[in-house]
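Report on the following structure.
Chain naming follows the written order as A, B, C and D, and within any one chain the residues start at number 1.
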Amino acid sequence: MSDERLHTNLLGIAMQTPVLTASGTFGFGEEFADFVDLSRLGGVMVKGTTLLPRRGNDGVRITETPKGMLNCIGLENPGVEHFLKETLPRIQQYGMNVIVNISGSTAEDYGKLAGLLDVPGVAAIELNVSCPNVKEGGIVFGTDPEAASAVVRAAKAHTKKPVILKLSPNVTDIVAMAKAVEAAGADAVSLINTLLGMEIDIHRFRPVLGNITGGLSGPCVKPVAVRMVWQVAQAVHIPIIGMGGIASAEDAVEFFLAGASAVAVGTANFTDPEITMKICDGLTDYLAENGFSSIEEIVGKANPGFLGFPKDVQKG
Amino acid sequence: MSDERLHTNLLGIAMQTPVLTASGTFGFGEEFADFVDLSRLGGVMVKGTTLLPRRGNDGVRITETPKGMLNCIGLENPGVEHFLKETLPRIQQYGMNVIVNISGSTAEDYGKLAGLLDVPGVAAIELNVSCPNVKEGGIVFGTDPEAASAVVRAAKAHTKKPVILKLSPNVTDIVAMAKAVEAAGADAVSLINTLLGMEIDIHRFRPVLGNITGGLSGPCVKPVAVRMVWQVAQAVHIPIIGMGGIASAEDAVEFFLAGASAVAVGTANFTDPEITMKICDGLTDYLAENGFSSIEEIVGKANPGFLGFPKDVQKG
Amino acid sequence: MTLPNQPKKIVRDAKVLAQQELATDVFFLVVEAPEIARLARAGQFVQLRILSGDFTLRRPVGVAAVDEKKGSIAFIYRVVGRGTKALSELMPGEIVNVLGPLGHGFAMQYEHPLIVGGGMGLSPLLYYAAAMQGKADVLMGGKTAEELFWKNLFDDLCGQCFLTTDDGSLGTKGFTTTVLPEILEKGDYDVVVTCGPEIMMRGVAKIAKEHGIPCEVSLEKRMACGLGACLSCSIDTTDGQRKKVCKDGPVFPAEEVFA
Amino acid sequence: MTLPNQPKKIVRDAKVLAQQELATDVFFLVVEAPEIARLARAGQFVQLRILSGDFTLRRPVGVAAVDEKKGSIAFIYRVVGRGTKALSELMPGEIVNVLGPLGHGFAMQYEHPLIVGGGMGLSPLLYYAAAMQGKADVLMGGKTAEELFWKNLFDDLCGQCFLTTDDGSLGTKGFTTTVLPEILEKGDYDVVVTCGPEIMMRGVAKIAKEHGIPCEVSLEKRMACGLGACLSCSIDTTDGQRKKVCKDGPVFPAEEVFA
């Protein structure tokens, strides 16, 4: 299957397709190498990385919900040094765009991480300010426009890589958040992270998850994600990477039509490890059947208020 | 099936069961009389009522989503006068608790409505400050603690009936909202209203719903609803009516264990018009199997931080 | 308390008795539902809960035929999406949950109705034709001859059968509205009942009005409850009000809904 | 680019060849999956995607038997929830999607293993017993005689078969750990491999250690990817680190995971 129609360029990164994988759901890419041509992805947003190693949460970490799942992994990871020394060199061989998702407890943490990751082989940095499973500060960065802006500024000050701010859906006003981080210099936004939820074990009279609450993802959240992409696309002039519940090419098209320039697939990788390849195939078919020659032609097409962005942002 | 274990008393209202029906999904109750013993319900929260008749939104008003639906009915209703003159006398015969869900554009609207509805045959007033499908003000009352409090005060000033404030999930801090309306004098809170979402028709390149966005409901939202009930139960001393995605007795139990004193069933009535009766049956079984003699015994049972409330609130 | 009236609407699991593909993607489904078979009038519909596949909403389909003796009802539907796809995969012996009969049917007091139908709109009209016991004639339109597999179904139930196709491959070339004036002029119809694409029904209603003949139209709108409770299916009426397709319709006097 | 290694994990639709209820709520399922049958080692598992019912997550099950000639693999599972219920309703000819083989299996270099299993833990051990070609003995425990339907399955594959039941209705009254010390003293086992309730495995591991015999345990934890990518299945190791059950296990040397 030729991907010609799907070639795109986002933030200066040449992408064979506009289909990425969402952080935390696809490891470092290599785990899926038996099922996915990693270089065909627009990029792999690798597992959330922190300055120091983290053990994550104890107890039950996931549970299935109606058309979705809750997770409270809690950012388990071996730390940025290990990533740079061990992981990054190893995954280079797959020829994929590596986008590193980072989390910190302070704006300075983000600055340091961004600096450390300003190395060849890293295509961009994604700032996770919205992980609901981490106590110290995570949720505040994600829900306060000022705090999120500080994180963006700290990261931008320490790297030349494109900086993507990942927005939390657990806010009253997603547009205010997006505008704030745009003003602070974010090169793009990705949305949505997970919705905060929980499940209770009615036989044991206690929450199912070790961390009590967790992040809701999967098809169930798609309507919320599409709405937020739609709203943000009417408010900012930077590209949007849309995600939340994408499990088919049709789902992905909804995000493009709402105004996303690229999409990321998360939970659906668990249902079907080959899903990203099927989505690429389906997108090509959709574009061909509807007479479009590039994905750019459908970005924001259903959204009359879509602002778009200076062409050089997209073209790099 | 005897409902002994399910008898409860909430806000001074004797309820045969703690299972109510959610506003907008069950009409005025009478539409379901072929399928449901209406007097067995804890109450029917009738369709949102406004001062003047409203036509609601044009175009497509609903669409199915993964394990849920979006609606943008837009509060179509014949107005409070019609309700008082035509509807209320007619539905009295079913011997059910009628809880009137009201919406206004200003705090005064809510005051006027509450006053007009301070009549026999109305068991309680539910303030809908969170309908996402109405432009003028609705969304602001629902997301601003101050505005919501003003609505509560206006209603309380004009009625002796219990006043229930219905919380919107589309907020950063549901706890702040709940505390504010408690302080303003709300006798109870109900939650959650719908999450704001949308869907795009990928063949016509436009939103599916006539109103562009709509409210997401059904099983897909349950994890978010349970989480919010859990959080609010740790923060307020007034009873909670829990709702959002309840489609089985097991689902209902999650809400009780989280801290809800009663539950309401919405979208599931569309899937199965008899569902409320099945939920009552299932709750009785659950209580019996686990050795509980009343629903009160499981309220908040899984929630170590559950505050509870003065017994006279529950006992009336 | 006792209910004020005998229940008129039933919800029950119904066994699939037969499922047959009539034309590409068009299926004929017969289910066992004796109470509904007894109650259902021509023009009414049911809400099907398709149990495979976790649907939140039911799917509305018109009643196409009733066999009171066998206690069965039949539907004719086109596969257009997820729900109808799953429905088409049901095998005899499997279960579908049926809620009905819903809404109001066609008026039955007429002596010589002309039925005008297009596409899946012909399905509820089939039951109407049967209920009229030969008193009705039918005019049906389709894109091609292939789409008019309906003819065989109506042939035994109606007096005359007029056909149009967009491409002229069967009957008159054109639309139902092309030949309708002439048919109304020649015949002595006392009512026109129509169901099909809205644009067709509007045209039919206009022509009927010009000929001074009452016209009944059967509408569609997306539904959740099917019971008049949720207001998903509200439509505008000509007097500036709203009505519910599920409860006040799906059959309406044309002048009530088409200006 | 070309992948660096030949793929070792497969995902494919597999036809159900047989499904049989072995005991109340315990099913034996055989599916056609030739590549996986060729690759799967004892102790490995697969992730099943149950296509009826819209599941978001796959369900992990151990490989209970392999028939390379027929190209089939078998599972034994208990119905405990929504997923296993749907799985148990599959009929021969229907499809389930299989991802595997996953994880690491039992070490195969031993000459005289003692298998200790309880409940559904006996399922992957069945494959291990078969792979050991008669060299292993088995000790199995259950609540009642009824739960030890497993005996028939292991009888042909193992040398000796020791049984315990909580109520004494079959074999020795007590737990596997009641009789294990004696069995280890009498026999000359060079490894103990165990799978079952964690409390049992901890007891077994402790006794094996006391007898200076290496012990391998097979763990369970809820899984999403099954590929080592999502960290749903992290567990604590005795050296204070984390490992992934799906990738580093499910089989671990006992001392690595039980203090």
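Please note the rule applied: a contact is a pair of C-beta atoms (placed from the backbone, for glycine too) under 8 Å apart; a residue touches a chain by one contact, two chains touch by 3 or more.
The chain list, named the UniProt way, goes like this: A, B = Dihydroorotate dehydrogenase; C, D = Dihydroorotate dehydrogenase B (NAD(+)), electron transfer subunit.
Everything quoted here is computed from the prediction, not taken from an experiment.
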item	value
Centroid spacing, where centroids are CA-atom means, of subunit B (Dihydroorotate dehydrogenase) and subunit D in whole angstrom	47
Mean-CA-position distance for subunit D and subunit A (Dihydroorotate dehydrogenase) (Å)	36
Between subunit D and subunit C, distance of the C-alpha-averaged centres to the nearest whole Å	56
Multi-partner residues of subunit C (at least 2 other chains)	54
Multi-partner residues of subunit A (Dihydroorotate dehydrogenase) (at least 2 other chains)	65-68, 218-219
Chain contact graph, described as a line, ring, star, complete graph or other shape	ring
Pairs of chains, among all present, that meet the touch criterion	A-B, A-D, B-C, C-D
Complex interface listing, subunit C residues touching subunit D	52-54
Interface residues, subunit A (Dihydroorotate dehydrogenase) side, partner subunit B (Dihydroorotate dehydrogenase) - complex	65-68, 70, 143, 170-173, 195-202, 205-207, 212-213, 216, 218-224, 226-227, 230, 245, 250, 253-254, 257-258, 286, 298, 301-302
List of subunit D residues in touch with subunit A (Dihydroorotate dehydrogenase) within their complex	1, 3-4, 7-11, 49, 54-58, 97, 99, 222-225, 227-234, 242, 247
Parts of subunit B (Dihydroorotate dehydrogenase) lying in touch with subunit C, wherever the complex brings them together	24-28, 31-35, 37-39, 47, 55-56, 60-65, 67-69, 71, 73, 76, 93-95, 218-219, 267, 269-274
